[in-house]
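Chain lettering (A, B, C and D) follows the sequence in which the chains are written, and residue indices restart at 1 in each chain.
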Amino acid sequence: MTDGADEEVLLPSPNPLHLPQSPLSPAFVDPNSKGLPWVEIGMDIMFKYLSANQSTGAYTLLTKYPPGTQIPTHRHSGWVFGYTIQGKWTYLEDDFVATAGSVICEMPNSNHTLKVFDDSPEDMILLTHQTGDLITFDEDGELMAIDDAQTHLAQYLSFAKYQDLEVDESLIALY
Amino acid sequence: MTDGADEEVLLPSPNPLHLPQSPLSPAFVDPNSKGLPWVEIGMDIMFKYLSANQSTGAYTLLTKYPPGTQIPTHRHSGWVFGYTIQGKWTYLEDDFVATAGSVICEMPNSNHTLKVFDDSPEDMILLTHQTGDLITFDEDGELMAIDDAQTHLAQYLSFAKYQDLEVDESLIALY
Amino acid sequence: MTDGADEEVLLPSPNPLHLPQSPLSPAFVDPNSKGLPWVEIGMDIMFKYLSANQSTGAYTLLTKYPPGTQIPTHRHSGWVFGYTIQGKWTYLEDDFVATAGSVICEMPNSNHTLKVFDDSPEDMILLTHQTGDLITFDEDGELMAIDDAQTHLAQYLSFAKYQDLEVDESLIALY
Amino acid sequence: MTDGADEEVLLPSPNPLHLPQSPLSPAFVDPNSKGLPWVEIGMDIMFKYLSANQSTGAYTLLTKYPPGTQIPTHRHSGWVFGYTIQGKWTYLEDDFVATAGSVICEMPNSNHTLKVFDDSPEDMILLTHQTGDLITFDEDGELMAIDDAQTHLAQYLSFAKYQDLEVDESLIALY
C-alpha cells in the first residue's frame, strides 16, 4: 500500500470542483411577510423570530423598542452580531452611539443594559444573530429568566396566539 | 475534603451575578464613517470591511452590486449570515427572491452564484457576517482565489490605497 | 476604474500561498504538568482547567469521577465535544455506553445527567471541549448554578488555593 | 397590551426547568468498533472518520502516523481542537513537544507542518475535532488539495473500499 504508485492513487484530489455540495440549501427569510407579525413582549417592545439553528444554537431576532426604553440587564453566553435598522441606542456599560446602519459584535459572557436614547428619532429596530443563552436580571440583581433559541421561538408563538396574531411557522428558518 | 461541610463550600455559586464580565467590550462599527469608504473590487462592485475576529475567523462585509451583476461561483467553508439592505437578488442554484430586509442563513460547504436581478430598482447592498474561506471558481470551473477574513482585510486596504481612498483602520473591529 | 485592465489588477490573487498567516500561534497545553494539579470540586470529583477562548467562549476541562458517581442534571447552552480517557459512563437520558476512546458530540440546549457505571473498572476521566453556559439543577429541579469558561477558571484557581495546590496559570491556554 | 397585568403575563418564565430540551440526542461514537477500521491514506498514514456536523462544518478524525512522518504544510480555515493519544510530535513552525495527553487549540487561518519526532516511542495517534477547510500545499508551495468534512468522509469511504475494508457508515455521527 505504500509504494509510489499507490500513494499517487491515495492522494486527495486537488480539484476544488470535486468538493461536494452541502445537502442543506440556504435558509431564506423575508421578515416583511404577513405570516411573521410583530408581537408584543411587554413594555411596548415588539419582536419577530426569524431563524434558529439547532446544531449551533444560533438564532435571529428582529426587536423594536420605543424611544427611551431601557431593558433589564442581561448576559449572553455566546456571541452576538447586531445590525441597527433604525433609531439610536447604546449599552449603559459602554459609550458608543449606535444609529441606522451600525454594526455591533459582542463577545461571549458579557453583561449589558440596552438603552434607547430618549431623543431617538423613531422606534429603534435591531436585527440580531446570536448564540447561546440570554440571562436576564431584575433591578435587584436577581435572576429573571434564562432564554435561548428554543424559548424565544416558544415565546414568539405563544405571545402571537395570546394577541390573536397569526404566525406562519413555515416561514421561520429552522437551521 | 469530602465531608458534607467541605462539599458545601466547594459547590459553585448559584448567584448568576457572580458570573464575571468578559474583559472584551463589544466591538462597535459605524459603516457610515468617512474613514470607511466604499472601495471598488472590480466589475463595478464596491465593498467595505467592517470586522474580523481572529479567534473565530468570523468577519463582516458590506458589498454593493449594480443591477444585473452576476459574480463567479464561490463556496464558503463556514456559515454565512446575510441581511439585504436594498436591491433584489438570488442565487442561481436556488429560487428565493431577496429584497430589502431579507435575511439569509447559509450552511458551510455550499456553492453559490450570486445574481442581482436586472430589474433591481437600485444597487443591491448586502451585509454579511461570515466565517471560513470563500473559494472562487472561474467560468471553466478552475480555482480563481481562496479568501478569508485576513485576505479580505488586505484587499480592502490595498484597493483603497490604489484608488486614493483613505481608510481609518482603527474603525475596523478586529475581534 | 471599470475597464478590463483595471479589473484584472483588482482581482484577488489566486495563489493560496499569499494567504496571510494567523498572528495567533497554536495554544498548547500539557495536562500532565506539575503546575496543573487535579483539584477536588466536591463529591470526590476532580478537575483540571486547560484552556479558554474569550472570543468563542470555548474551553477545555479534564474531569475525573469515581465509579458510581452521578452528577446533578445540567444543560449546556453551547455544543460539547467529549473524549473518554478511561472508565465507563452514560447519560441517564440516553442509552450509550462510553468507554476508553469513546467520542461524544452534544448539541446546544440539551439536558443531561451524567452517571459513571458502578462497575466502571477505574475512575472515569473525561476530556471536554465545550462552549457556552452549563446550567445545573438540584434534585427538585431548582437552579443550582450557571457556569461558563470564566467561572470554571475561577473555581479551578480558588479550589486549588483552598486545597493548598499550586497552579501555574501561565500553563492554561487563554484563547 | 401594556398595562401592568398584561406585562406580568408577557414576561418570560424565570424557571429554567421550562427550557425545552434539544430534539437532537448526543451523537456517540466508539472508534474501537469493528465497523470503523483504520484506513491508509498514503505515506503509511492511517485515519478514521468519526463525526461530521453539516450545520457547523465541524468534524472529528483519528489519525495515526509512523515515527518520523512529516506531512505537507496545510492551512485550516476554521479552528482545530486536538488531543494526543500517543506518540510525540510538533509543528515545524512552533516549538512545543506534544506527547500522550497533550491538548492543542489552533486558531483559524494558520499554516502548519506536522512532524512526528523520529524518536517517537510509537506511532503518533491524534484525535482532532475541527472546522472549515484544510488546504494542503506541496513542497513547491503549489496547491495540492482543499478538503473539508465532506471530502474527508468521502475519502474515508472510498479508501476503505479500495483497501477491501468494511465501514459501517451508521456508526459515524452525522451531526
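Of note:
Following the convention adopted for this analysis, contacts are C-beta pairs under 8 Å (C-beta built on N, C-alpha and C of every residue); 3 or more make two chains touch, one makes a residue touch a chain.
Every value quoted in this text rests on a predicted model; they were computed, and no experiment measured them.
Comparing the centres of all chains, each the average of its CA atoms, the largest separation from subunit C belongs to B. Interface of subunit A with subunit B: the two copies contact each other largely through the same residue positions, with over half of all numbers used appearing on both sides.
Averaging Cα coordinates per chain places subunit A and subunit D 28 Å apart. In whole angstrom, the spacing between the mean C-alpha positions of subunit C and subunit D is 15.
Taking the mean of the C-alpha atoms as each chain's centre, subunit B and subunit D sit 25 Å apart. Listed for subunit B are residues 16, 19-20, 22, 24, 53-56, 79, 107-109, 135, 143, 146, 148, 150, 175, each touching two or more other chains. In terms of which chains touch, the assembly is arranged so that all chains touch all other chains.
Subunit D meets subunit C in the complex at residues 16-17, 19-22, 24-32, 50-51, 53, 56, 58, 60, 75, 79-81, 83, 91, 94, 96, 98-99, 101-112, 127, 129, 135, 137, 141, 143, 173, 175. Across the complex, subunit A is touched by residues 54-57, 77-79, 107-109, 131-133, 135, 143, 146, 148-150 of subunit C. Residue ranges on subunit C touching subunit B, taken from their complex, read 1-2, 6-7, 9-14, 16, 18-20, 22-24, 40-44, 53-56, 136, 143-148, 150-151, 154-155, 159, 162-163, 175.
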